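Just dropping this structure here.
Chain IDs A, B, C, D and E follow the sequence of writing; residue 1 opens each chain.
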């Protein structure tokens, strides 16, 4: 049973490393790329908890679409490298460590008592109906989560409108 | 295959506003450029229709639909009314403005309507998912609106700050939701874990939780999220900058609509869910939760009022001053949440939005194109040049200060009353002292307008008919709530009773 | 008409104000018309209000009552309940009496925004009347606060150089107090409601429940509530340490403003004390009487001494008000018939005398545009009639027998001296009596410097004596000064019963405490 | 078997990194990336919870969060673009005309 | 009837005050005098009509209305006539009438003529109210009323600052006295439960005096003063008396009061008002008789004042000042009399003094007028040939006041000295001491009066010459200031002089001490007063009486028993009379010789400067109060401490606001940091729960 732990650790390390890399990288482009790394690692972890569908969506939508959008914008704006790096309030970066420490500590303190280490058994027979499969997601999406699902369409539409208003060039 | 609980009537108001928005967009797209009057008229009609829908829903208490995503009770409907009023007045205020500023009309009204939809969902939500969605719809559309004057650096800046901080706080809210979801896990029940508020409430009361710790932490993070939206200290930092930078009509909308919506969600979660059973009788996790929430909110309320008022004293820009004042008012309203009295909060919000919209309307008139005259010094001596505007503004300000015969006073009275009944005596006294402080800076504007010598080259600003209507409505509303609040209060009271029955 | 007379009296000025706003809009308004309209309305109010003392029955409690439901939701139990008793009767008359005279007195001294000035005055009158007739705490607070606004504008717009500072100071001072009172009101409402299950703001009801014991507040609560109310009132009075807003407000306010301020507004404080603090918190009132009385006595002497050395006429009168109101507070907290009746009477006297004083100061201010005493001197030679009126008023404010001031002051001192409930009563009375001497000093000295002597300042040489209007303004004052001094029974008989009631409310509870104190400390038995 | 707490711990770490990133990085886009990171951390929590609970709700929530994230991304980037048009810079520290 | 007596002058005052401005002098004078005449005639009428009853101690009430009635306190506006008030109104109205007549001449040509007489009539009203009042509060009305009128009349020449200062001084000093009086009345009320003098069953009123007599006599001890008992009441009332009647230490206002027109000095500051204190004390005699300590104090103060003022009187140059100090001194006598329990004698002296002092003042007024408003005796002398009548009349006054036998002053002064020597009220050697002091002051009186006469009427004519010392300020008026030769005054002024001279000569025969006639002729005056005032003999009795109120009848009995002076005293009285006559003659002789030799003899400056009392008061009381009020109370406490606190609060608020403002750095990142911080706190707090 160590294999899962090993896998977990590997992906966790990848996720963390690339996450940290975002902070270390100067240019947003590398940041974006390392974030993609994190996303991939996460989708792998999703698989380990039997969330195949989400894992897939993670890669397709997130890594595929959203991050591409980011990269696209970064390219579009291509900030001149020689831009002066003005930094007001240098103190903030020194706050980083204590804040991070505290936050982690608090989280772990909260999560400490959680004892749950086994995934629920897969219902015998209809494995494809297990939680996390496309079937389960699909059914839930169009039964319980019908309204949220519909509302997201409103959200998207509005986002499009908003983006249009702000980003479109003059004249048109 | 059990019923999907589909009930279009239940979401009729939201549907109307959303589809009006879409319609406006389509016309805009088809007819190249939509006439502002058309768009405005459409939105107004849509709002009225939505209001009618809301009224038609009245009296069905605790009825849930869409698998418990939506709940229809007077709480929702009352807040829905508030939102509709807000948008209605905002539309009137900005009807002329969009043209003067030559901004894309269709999108503007569409976004307003979308935002309204989001707010409506926030008050209607019976599930954290819906709250989250509604909140996001509202936020994202308001991000855009803040940056609506694209060539104005201040507008850009406010948009960016609002966006960064907003999404950041959203992350916290989301994390909180996740925790609560986790805490709600109980293998015996069906579904095993849930984001449905009623279920969560039942499980908390029954004490069948996966982890109290997670519940508490989740609650804390949700306070962060909501606290940001309602701008309570220390999560208020964004609002002065954003309010100052945003175009005045948007500021008006922001400081009233999204605040009210956030309070709706806040009350829905923290009063109607976490404080379901009264503080005294609660036990176990619930008791811990309630005491923690109460203490935290008490502190936040005090901080918010004090910071808001003290900082407002030293402001020179009237929008910024009103921003701080609105922070202070969030503090007062928070007292209502502390006292577990959503009716007080609701009434407070109603009167507050009316007053604030009126005030911002007048500020918009005086600021003119491009938000030029927004320093208090710009108000010097305009009192007797344009008596009407000045008197109206004075009345709004005094009402914010809480002078009797205006909504501001009744609202404060209700809040203080329920707080005292709840035993938060010190809180009441502090609040009282705070509102004494607040008189000072509200009077400053009146001093400038009436007592100071007229600033050179001030000429009476033209008041568009729509704007006049908006101000008049706000004025009437304020006075109505101050002098004859009976009806509104009756409504609220009945609402409470019916809901408590429904809860049983 | 009959049962709504109070409402009519209260709202008539407001109607006038609205009428003024409508007259000759757009077109350049004819100031004369405006002024006459305002005067007409205020006079009408006065005439109507005269029906009150006539129809007033000496031994009934609340009268001319109107009591209708207003806001009932959330068992708020707010009612529109107006009525008067012996306490408020004369204060109402005083108000309606002063306003027209104040208007008349500043007939030609307002040079800008005539319309707004008159509107504020009338609105103010409505506010003040409301405070006196309100029998519902909500209503009371409402008028109490709303009345601030016109006064604020009166000082701020038509005031002197430092008017803004004065106006803001006035409002903030008052608001701090009144908001604490609001907290007190809410608390009282809540305690009364939870004790009697009858949630109401009705003053009469609550007072009765206190008397009958239906509402028994424990001492600490009483003390807190007592101070919540008392602070608001003592600031308004103003009692010694809270008085510094008064000189500024008086000096900066226009004549009419000062008249109303001194004549009526200050009385609201003392009125509130008698309406709320004594009947509703008898124990606390008794417990804190010594402190407040000491402050009152300090105020009497302090105010007099400071008044003595003021170079500015209005400031002098303002500080003299501090001194006089000190007497009133002392009388109230003597808990005796004489003391409290005297206090009530002294309120009226002070309203008349000081009102007249401010009008008189205003008259010479209109002529010379200065209020510095040093600027004047020898006016008796150039303005004999003026000097005569001035003399009468001066004498009344130094409490000469057969003039109004004496009756009040003597009764207060007598009551205090003989108070059994107030510890060290005789000491207080004796110290307060020093105020009698000092008042003579500063008033006569002021009068001498202004009116007597040679005319040294050439600009005083050709001052016109009073014209008909000014005489018309002053004659009523002079008449009242005399009438109230010679035949006080006319007024006192109507207030007796109410005061008696207040006293009975406070006596039983306090008596016990006194007995206890006697037995412990062993104060000599009368 | 990997215990649930590990997943939650990991997501806590990621969330923290994101949160810290938001206030130490100065490039608007990077800040935005950090926010996305925070959202993903939350997603991890939700997914692992739903996985271990055997309740599909969490995953649907994630699904919706993703959509929201997409929408936010669109608008956010639009805002960044419009501000860049006026300022020719992505440094948030230069955007501080509104203060005091 | 009584009402008419007090109202007549009031009506006059009202008419003159309202319309006088447009009237001619003659009409004004007519109205003023006639109104006073009316009350005079009425007074005489009631006196003789009810003479018998009055002798029996009967009282006649005249109830107008209830002035103040609050709770248990009641003060009626009502009048009472008993022998005491009867005598008083008699001579008041009489003297006042003649002074009015005199004034019509004296004030001739003054542009404030109407004002003057309005005030004078108003004064008469107040004075009569004071005397006829039937309770202490009514008396206080008159008490303050006369104070006001004296204020108005002293400051009559309102363009002259010294007049105004004098007026203010008079009023304020009197207020200090009234302070005591008021407290006394309050204490009386709190003890006796009433402020009325006598029981009046008709109105259901209880009298304070019966209560007082019901109390036993307080012990003779200083502690009794502060015991809050009857002694305290007596002392407090006496404080009032010292103010009104210019006794130590409150006498300072009276000399300055001479700034008023001379008739005023005559009427108010000699004949009537200043004796109000004596009246009040005698009125309250039944209180005093039970407060031996108060009696002692009164006697001492009286004697001291008599001597003190007399010494100052020796050294004044202003003719009116001399008379003023003489008045103070004489008032001292009266209090000495009351203090030793001889209230009758006191009143008797008041009575006689009214005549001769009024006479002297009017005389001096006539002189001043004749000298064209010159008051400095350095510039007089040898006037007897210019104004013979004045001289002659003043001669009578001079002899009378000096106590030359068979003139009014002689009888009354002698009575006082006798009773102070024989009093039973005062313990130890006090009687002798007081008598001695009285005798010495009598001597001095004779001396300084002689000085006055000599400097004025005899010796070298010093007027019109510039060699004399600089003039003391001279009373103004519209007569221009030239030094024409003096002339006799017109008839309107001379006639009153004559009348008063006759009065001064004969008034004394109203109360010839029994001793002089060896008890054969009873002292009419005292017998008349008997019912109205408690007699010294009665203290013992009253002290014995049990505490429950004794019925009036019994009270009368006690009086009867007490009053008759034992026969063996007659011899003593004769001896004393002899002594005092000798003293008088001696004094006159001394003065005559000395001042004829060196009229301009410079008296010791301590006396000339009146012991510097005014200066001391000013430095020790007036200035400190003014200074500290300005610099400490107003400038520091008010402006800095209190207002500073208020403004400080506002400043603090805006300071905090400023700090908060600085936190608002405008940097999104720092805001994020704040958010995180808040979140940390919240989560931390919640997690630890």
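We take it that contacts are C-beta pairs under 8 Å (C-beta built on N, C-alpha and C of every residue); 3 or more make two chains touch, one makes a residue touch a chain.
On a predicted model such as this, the values are computed, not experimentally measured, just so you know.
Here the chain-to-chain distance from subunit A to subunit C, counted in touching steps, is 2.
The set of chains in contact with subunit B as well as subunit C comprises E. Simply put, of B-E and A-E, more C-beta pairs touch at B-E. Look at the CA centroids: the one farthest from the centroid of subunit D belongs to E.
Taking each chain's centre as the mean of its CA atoms, E is the chain most distant from subunit B. For the pair subunit C and subunit E, the distance between mean C-alpha positions equals 37 Å. One finds 65 Å separating the Cα centroids of subunit C and subunit D.
Centre-to-centre, using mean CA coordinates, subunit A is 30 Å away from subunit B. Mean C-alpha positions place subunit B and subunit D at a centre distance of 25 Å. Shared interface positions of subunit D, defined as residues touching 2 or more other chains, are 8, 15, 18-19, 22-24, 26, 31-32, 50, 53-55, 57, 60, 64, 68, 71-72, 75, 78-80, 82, 92-93, 95-99. Multi-chain contact residues of subunit A, defined as those touching 2 or more other chains: 88-89, 92, 95, 99, 103, 106-107, 109-112, 114, 144-145, 148, 152, 155, 158-159, 162-166. For subunit C, residues that reach two or more other chains under the stated contact definition are 172.
Contact between chains, using the touch rule, shows up for A-B, A-D, A-E, B-C, B-D, B-E, C-E, D-E. Residue ranges of subunit C in contact with subunit B, taken from their complex: 70-74, 76, 113, 116, 141-142, 145-146, 148-149, 152-153, 156-157, 163-164, 167-168, 171-172, 175-176, 179-180, 182-183, 186-187, 189-190. If you check the complex, the residues on subunit E that touch subunit C are 65-73, 137, 140-141, 143-145, 148, 151, 155, 158-161, 164-165, 167-168, 171-172, 175-176, 178-179, 182-183, 186-187, 189-191, 228, 625-626, 628-630, 633-634, 637-638, 642-643, 646, 650. Interface of subunit A with subunit B (complex): residues 106-107, 109-114, 143-148, 151-152, 154-155, 157-159, 161-166.
In the complex of the two chains, the subunit D residues touching subunit E come out as 19, 22-24, 26, 31, 92-93, 95-100. Touching subunit E in their complex are the following residues of subunit C: 169, 172-173, 241, 243-245, 302, 305-306, 308-310, 336-338, 341-342, 378, 380-381, 395, 400-402, 406-407, 410-411, 413-414, 417-418, 426, 429-430, 433-434, 436-437, 440-441, 444-445, 448, 451-454, 486-489, 492, 496, 500, 524, 526.
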